[in-house]
Structures are given as structure tokens and as C-alpha cells.
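Remarks on the structure that follows.
Every chain is named by a letter (A, B and C) in the order it is written, and numbering of its residues begins at 1.
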Amino acid sequence: MAFEYAPAPESRAIVNIAPLYGLFIDGEFVESSGGDLNKTVSPSTEEVLAEYTQANAEDVDRAVKAARKAFEKWSALPGAERAKYLFRIARIIQERSRELAVLETLDNGKPIRETRDADLPLVAAHFFYYAGWADKLDHAGFGTNPRPLGVAGQVIPWNFPLLMLAWKIAPALATGNTVVLKPAETTPLSALFFADICRQAGLPKGVVNIVTGDGRTGAALVAHPDVNKVAFTGSTAVGKEIARTVAGSRKKLTLELGGKGANIVFDDAPIDQAVEGIVSGIFFNQGQVCCAGSRLLVQESIQEELLESLKRRLSTLRLGDPLDKNTDIGAINSAEQLARITALTAQGEAEGAERWSPACELPSSGYWFAPTLFTNVTQAHTIARDEIFGPVLSVLTFRTPDEAVAKANNSQYGLSAGIWTEKGSRILAVANKLRAGVIWSNTFNKFDPTSPFGGYKESGFGREGGRHGLEAYLDV
Amino acid sequence: MYSRYARRYARLVTMPTNAPSPTAERVGGTPTHALQDVTASDSTLRRFLHGLPGVDAVGLEARAASLGTRSIKTTAKAYAIDLAISMVDLTTLEGADTPGKVRALGAKAVHPDPTDRTTPATAAVCVYPDMVATAKAAVAGSSVKVASVATAFPAGRAPIAVKLADVREAIDAGADEIDMVIDRGAFLAGHYAKVYEEIVAVKETCGTSARLKVIFETGELSTYDNIRRASWLGMLAGADFIKTSTGKVAVNATPANTLLMLEAVRDFRAQTGVQVGVKPAGGIRTTKDAVKFLVLVNETVGEDWLDNHWFRFGASSLLNDLLMQRQKLATGRYSGPDYVTVD
Amino acid sequence: MSEKTEKTEPRLSVFKTYKLYVGGKFPRSESGRVYEVTTKTSAAGAAGKGNWLANAPLSSRKDARDAVVAARKAFGGWSGATAYNRGQILYRVAEMLEGRKAQFVHEVADAEGLSKSKAAVQVDAAIDRWVWYAGWTDKIAQVVGGGNPVAGPYFNLSSPEPTGVVTVLAPQESSFLGLVSVIAPVIATGNTAVVVASEKSPLPALSLGEVLATSDLPGGVVNILSGRTAEIATPLAAHQDVNAIDLAGADDVLAKELEIAAADNLKRVLRPQPVDNWSETPGIDRMTAFLETKTVWHPTGSLGASGSSY
């Protein structure tokens, strides 16, 4: 293009990352009894950002004990007081949102445009929303004076580190629970910064505890006998393992897992907006989104026209430095994830699907994957069934609304779906038939704290957000 | 990357007002293109125009807003400002217009910044038909075109004979470009053929003498579906440019309606091979706004339209803000209104 | 005038062959097996054996499989029926039961070792329970669903939808009121059910099948199996085409095993909860346990292109 945008990087001077982080237990940063450390790197450069602590079972026990001790007072606080703590947290997040956006972009690899315009505003909004519930639980439809569960063990993924923290911690605290949260192994930093926000807000010690580490830390937390509630967002495989772990206990469980969302485009769709929706459906956050519209189901009669528009649009996507304000596509979060995407796309080709990517130069260091489109994909292809969790779109066709619904529902998952048509009655009819928890008609990947989110089938159970999100943390 | 930019920048500072067109241009008369059949009657036009894909308002506005968050800095900003200046149709359309006012406007169009002769000229001045001769004299010897609104601007409520006479007067006085208004009443009443035939008639009158810009008054068409239909109707009838607004109603150019019209010219060229220009007009007052529109052009239709032969801003106060920003980039300090000329 | 009989021999009664209820039909177990069902012996007579009541079908894993197929087949129609229609049918169940009350009082008395009057209380409560859930079918969506005021130009609506095919392990002790209390909430919202009756007292459940079959309830919406709970429940808990399981009738050891098996396809699991008195007002928890929440976003758009977004 003639109109070349000069680099417009967001300054990283606004973030001060410490060289080493301990565990946040009982209101202070402490060392692990084991002394093991991990490194977190910036996925776009592979630069080591900081070292952090690998919590072992003993550390987890310490954190659960602190949360248990804090529970008595915290749950006895008048709701209005708990609310004010959450309002404080929400405000501080707004005040520090630029810093947190830059931090999240550094640690996760996603573009600053997204952390600035999507992640951080949603994080603050989520705390605001649940703050308001804390003193209104009698009116939430769960009976009068619904009780909290106790200590919540929460394990969150790396794709929206701070937003997933907000989805877990805000409703837990509003309902009077205390929390031990484990951020993902590759993105611990924003949760550790959140500990500092708790300090600034004056949150009583032990109400929020952050234990960092890999899957072993999460397993110890989930299995801890004094945890009353387990909330997990992540892969379906790990979700099933957790479901087995808590079987036979009294632990309440909510799971938000994988997906293979169908984005259905009918021949009467608003084409230009549909193209935008397809793009945000699968390339938002490099496709590392559980509710991504990773299967495009396009009516056969408009396939050519739509794909042409889509390819033209993909050619304008700007991939590169995530801190650049004009970057659309950032880095893949980790070498492991990149390897998985690479393997699955290779399999797609091997199984006969046709691969296409726009001309796109990838940076020499860091973890990168070009936006990729597969055509000639059928229901039998692995890339039409398995969650890739990357910027890879599988294109399938259909002939009739019935066939579209049948193909969309032909999945072990049931998290999200999209419908594109200008015919209102078709939207309602198709939405009614789709077995998915979140359906976007003539839009995609929209989130709001008031809007319940969660899946059908193997995409998990329980809802986060809205009035529904309270249930997961109440003894009802 | 830098050298690529520098090369384009160098081309730009010379600011040709007539870029070589990548596709054959049309000259006068009934247009010939692949879609001729659809223009046979009201009903064939209706079937065609109503068969165009619908527009989802929320999605369209969201896309326009999202492109508005692009951060255009340093060299890119310098490029964008000069490009924007070169695309301005510097406009005065007041009842109180006088020869003196028009002469001042013409002088400013030729040399927008008297303190810096490297500043590109604007694309055109835009005046009422009775001021064309004055304007023509004022820009004589420069690259600046004279555009004239016509066809009973801004309402367009006059008999066709009057409208055509209006156009002829302007052309006879030397207008290079005619900015006509469509009959919005006929459009809203579903008389697409009437709107079509008027545009064809005006285009015939323009002949080879003037390029035709067709103003839809998008604020009065109200819906995005209507704007898309009007765009196609105008292009089918032979418009060289499609233009949002007169500047005389409450809602004029917006990023969303301009994005929509850019999509229309993009799709029209894909289907017919004919390239049509776009002119947002009214309400664009700041450099920031203008740059957002250029981003829309850049990411919707690309390089082929990034030239004042294919994209214009209908504006008056915009120019001074562009000039102040240009001075800021050159000197590093903020400028003020006393350092640009009043209009 | 009339002939007077001095003494009549008591009439020899006709036994009923109890059968399963699957897909709207009354098959025997495909295994051909039966097991002996007896009256419940009171604590005092614990040493003795109860009286023979019937030979109930001893369902196999294949019966369970067939029941799932029937329940899945029925799901589309039942979940797609109007809530009003489902309410009418559930109310019809109550009407049918009312007419056959004597039979159920008799069966419950035998099954649970109750006096006729106490058994009647149970049966009355069970009939009333159908009425309670019949009224819920077209109200639950308004109570647990609703519009969400999102911060953007979108209309956003959350609605409850049935989870799908639900395996229900009926309570072991409360053979009829407990049974109805776990079936009705599952089907009221549009799920279909594969029910494993109380192992020792399956007869009221098998008779309920006959009532359901004459209540306009589409075949396959409720499927009732009798037999060894653990034997039938194990394949159902692992079945990939079952969406949820109510463990009411499982003991702690079995419940844990089944919950682990259920994780294979992430079934929604309702763990067994101690219920002292099934006649208490049930609340809505047994319905919401088998409801999904679907949230649909629609752009609201604008009336015209009048707004400027910059």
C-alpha cells in the first residue's frame, strides 16, 4: 500500500516489571518452600520478562489456609462493604489500565489494540458489574441470604490472563468467597500485578491469594481437600481430568473449556459486515479464543464471492510488533502452542484441504503464525473437528439452513456460533436450533459482564457473567 | 520500507491533480457496462438495487470506528497531510459569496500556505455556477480545477430543463467538474428510473468537458441500504465520482457512510472494470478526521484511490487545520490561526 | 326372586406382567432376565422374606442403550414442543394418575411397607407434583432467563434450554413420590429421560410407564428401566450420547464411580443429596440442574445512518 503507517509503538516505560516474583499469600509476597523458579518470556521477542515462583503442594496448602482464615470475616462483611472493595478494585484497574494493557501485551503477545480496547475495559467493567451485586444477592433469584461456598480454587488460561482473572475473582468475592487463583504458566504477570491492586485497594489479607506455577500447581489446588469450589477455564482434556478429581466430593465445579464455533453465512448476509465478523471471529487474539469462529460455514451459492472478499480483507491485516498500535495480529503465546498449530495445519494439508495465507512477513524471533485459511474442508477433516486455538479458519459449505444447523451442531463442543443473514426470522430459527451457549447474530466475539458466557456439551458447564454467574459461587 | 515511502512521498509533493487512471474512463453519453440491462425501468432497477447485499448498521459503524483507531504518526502523518491537502475541494457555497471572496479562495487553493511554497495545491475550488468564471480566472495557470455545484443545488427541486441549463451555464463558464444533486424525493418514492435518467442527462451535458460528481445527500437517504443503492444507481448512470452530501443538512459525511461508498466503488470496479471516485463532503474539519478518512480509503480500496483524481474532501475549514498541523510537523511547535490565512 | 349364593370362592386375580417402558413401547428386557420383587418387610419382620409381588425385568446394558436411542430420538420433538403443550401433557399425567390412584396406593403400600392411608398421602403428593411441574413449563424461562443490558448497540437475551438426554437414577426408598419428583423436573423443561427405577421397588415406576403412555406424552420422552441400579447406571454414565445424570438413587461409592465415568463427555452431574421428606415443595433446583443457558446477541442497528461515529 502506498500509505505506509510509520511505527507507532506504545511505550513500555509505563510498566515496571520486577526481576523476580514470589507467591501472593495472605496479603504478602512470599517464597516457595521448594524454591523452584520459572521464567516468563515475551512471545513476540522471546525476551525473558521475569522469573516467578513455582508453587508446590505445600505452598498451595498455605494459600488455601490463608483463604480459609480470611473467609470467616470476609463472608461476614456486609455486602455493601464487600461491594466497595470491588468498586475500588474496578477504579484502580481503570486508573492503571494503560500500564496493565502494556504488561498484558508483553506477557501474552497479543496486540496492544486488543488489550487497550477489549481486555482492559472488560476487566474493569466486570469488577464494576459484580461489585454491584455484593449487597443485592437477596434479589438475585437464589433465595434470601444465599451463602457463599467458602474457598474457591481457580485456574485460568493464558489467552486473556487478566480478563479471565476478573471473570473468576469478581463474582467469587462479591458473593463472599475467598480465592486462591493460579494464573497460566506462560502469563503470570498480570495476576501478580493484580496482587498489587489488591494492596492498593486495601483488600483484607488472605481474601485473594495468587499461586503461580505449571499444571502441577493447578492440580494441587484442585485436589486440595479444603477447597469448596473449583472453577477452571482451559482445555477440555484438563477439564475432564478436573471433573474426575472432584468426583465424589462436595466441591462445586464450573468448567469453561474448548470450542469449535461455527460461523454460518447465508446467501442474504450483509457481506461486508460478515467478512469483518469472520475476521474478528477467528483472528481476534490470533484465534486463541475458546469461542472463536473457527469453522466458517458458507452457503455454497456465495462461496466464491465471500472467499474473494475474505482473502482481500486478510491481505490488509497487519502482523507484527504487538506493542505497535496499528498491529492487528500479534504473536502466538508460546512455542508449545505454535507447535500445536503448526502440526494441525500440516495435518490439514495432508488430509487434502487447500491452504492459503496472505503475503505476510513473519518476524525472525518470537512465535508467529500467519493468518491461514483452509478451503475444501469437510466434516471429516481433523481441522474441522479439533480445536486448533490459532489463526486458522476452516471453510466448509452448506446448501440449506437445515444442513447448516446439522453441520454446526456436529461437534463434541458447543460454546459459540455465528449467524449471518438479513432475514430476522431465519436468525431466530437457526439460533434456536444451534446447540451452543453463546450465539452471535450478525456480529461475533462480543463480550459483556452482564451477558452469561459458557458452553453446551464438552465445552463445559456453568455460566460466567450476568446474574447467572453468581450461581457458581453460591451454595444453591 | 523507508525507501518505498520516500519514493511515493516524492511523487506526491509534485501533486499531479490528474493521475493516470488505471482503467479506461468514460466520456459522456449513455454509459456502457455489463449491467446495462438493469437500468431498463423502475422495476428492473428496483430488483437490482434491492438485490444488493444488505448493510448491518452496527457492523459498518464498528468497522469504521475501528479503522479510526489507527495511529498515524511522523512520516506517515506528513504523507497523509499533504495527500489530504491535495484532495481538498476548497468550497464556498454561500448566498453571500462575492467575486472577492471567490478570488481569495482561488488564491488559497493554488498556494494554501503562503509561508511554505512546498505545500501542495488543493484539488479544486468548488463554487456556485455564477461564480465559475471568477474562480476560473483566480486559479488560471495552476493545476487547481474549478468545480461547480449545479442542478438546483442543494435541494434539487427544479424541473429537469432548469437543472440542465444550470449545468450548461457552469460548463460554458469553464467548470472542470460538476457536482450535481440527485432527486432524493424521487429516490425515496422509489422512482429509481427518474433519478437514473436525470444523472444520465447531466452526464450527457457534461460530455467530455467536465467530470461528474453525484451527490446523494446521504443524510436524507437516511439508511445505509439506501446509500448503497444510491451509490450503485449513480455509478450505473455514469457518475465519475459519488459524493456524500451537500453540507447543507444535519448529517453529512461520516466515516461509516464513506466506508460504505468506498465498498461500493470497489465492488463496482470488480464487476464492471470501471473505477469511480469518492468524495465525502461536509463536517470534516480536522486533520485527525481527514486522516481517518484516508485510512478508510487505504484499507478499503487501497492505493488505486489514494490520489486526488479518485478521492476528494469537500471542505472549507479543514484546510486551515491541515496547514497548521503541517507547520507543526515542519517546525516542531504548535501553530495558531494567525499563521494561516482566513477564508 | 334372585338366587342367593351361600358362599363365593374368592376370585382368582389376574397378575400383571410388569414390563419396561422404552420408546413408548412395553418391551421385556432383551436379556430375557427377570428378578423377584417382593413386598417391603417391616423392621419387625426383617428376618422374614417379603411376599412375592412380581417378576420385574432385569434390564441389561443393551436395554440401557436402546433407551438412550429412544430418548435421543424423542428429544427434538419434545424440546421443540411449545412450553404450553408440555404443560398440558404433564397435567394430563396428573389426570390419568388420579383415575388410577387406587392401583398406585396399593403398589406403593406394598413397595414401601406403608399403610393404605400413608401410601395414599404419597400418591396424592405425587399427583400434585405433576401439577406443580405442569405449571412450570411455561414459566421457568421467564424466571431464569431474560434480557441482559449490555453496553453496546445489541439486544442480548439469555434463555434456558434443555440439556438433552438425562439419565435419572430414581431414589431407592421413595418408590413413587421420589420417582415423580426426579422425573417431572427433567422433562418439564424439554429434556428426555432414561430412568432407572428403584432397584427393590420398581413396580410403581413400571406402572407409571403405563400412565405416561396414555397421557399424550410422546414415546421416548421417558424411558423406564428396572433392574440392578449399578449394572444399568454404569454404561449410562459412560454413554457418550447422554448429556446429564441425576445420581439421586446412587450410594456414595457408586455415585463417585459414576461421576468419574460421566466426566468422559462432561455430563452435567447432579450429586445425590439427602432428602428426608420428598413431600416438601421442591423449588426449581432440579429443573435448573438440567438446563443450559443460551445467550443470543443481535445488533439493534439504528433507525438510519444519522449518527456519526467519530
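Heads up, the rule we're going with is that contacts are C-beta pairs under 8 Å (C-beta built on N, C-alpha and C of every residue); 3 or more make two chains touch, one makes a residue touch a chain.
Chain-to-protein mapping (UniProt): A = Betaine-aldehyde dehydrogenase; C = Aldehyde dehydrogenase.
Just so it is clear, the structure is predicted and the values come from calculations on it, not from any experiment.
Using the contact threshold fixed earlier, the set of chains in contact with both chain A and chain B is C. A count of contacting C-beta pairs for B-C and for A-C identifies A-C as the more extensively joined pair. Relative to the centroid of every protein C-alpha atom shown, the closest chain centre, again from C-alpha atoms, is found for A.
The chain with its CA mean position farthest from that of chain A is B. A separation of 44 Å divides the Cα centre of chain A from that of chain B. Chain centres here are Cα means. That of chain B falls 70 Å from that of chain C.
Centroids built from CA atoms put chain C at 37 Å from chain A. Residue positions of chain C touching 2 or more other chains, listed in rising order: 154, 299.
Counting only residues that touch two or more partner chains, chain A has 442-443. Each of the following residues of chain B touches two or more other chains: 56, 58-59. Interface residues of chain A facing chain B in the complex, by the touch rule stated above, are 1-8, 113, 117, 268-273, 276-277, 316, 325-326, 422, 442-443. Interface residues of chain B, counted against chain A in their complex, comprise 1, 4-5, 8, 53-56, 58-60, 62-63, 69-77, 79-80, 83, 263, 294-295, 297-299, 302-303, 306. On the side of chain A, the complex with chain C involves touching residues 125, 141, 236, 239-241, 243-244, 247-248, 250, 255, 257, 412, 427, 431, 434, 436-443, 446, 448, 450-454, 456-458, 460-461, 463, 466-468, 476. Of all residues in chain C, only 143-144, 146, 148-152, 154, 156, 158, 163, 243, 252, 255-256, 259-260, 262-266, 268-269, 271, 285, 292-299 touch chain A in the complex they form. Of all residues in chain C, only 153-154, 299-310 touch chain B in the complex they form.
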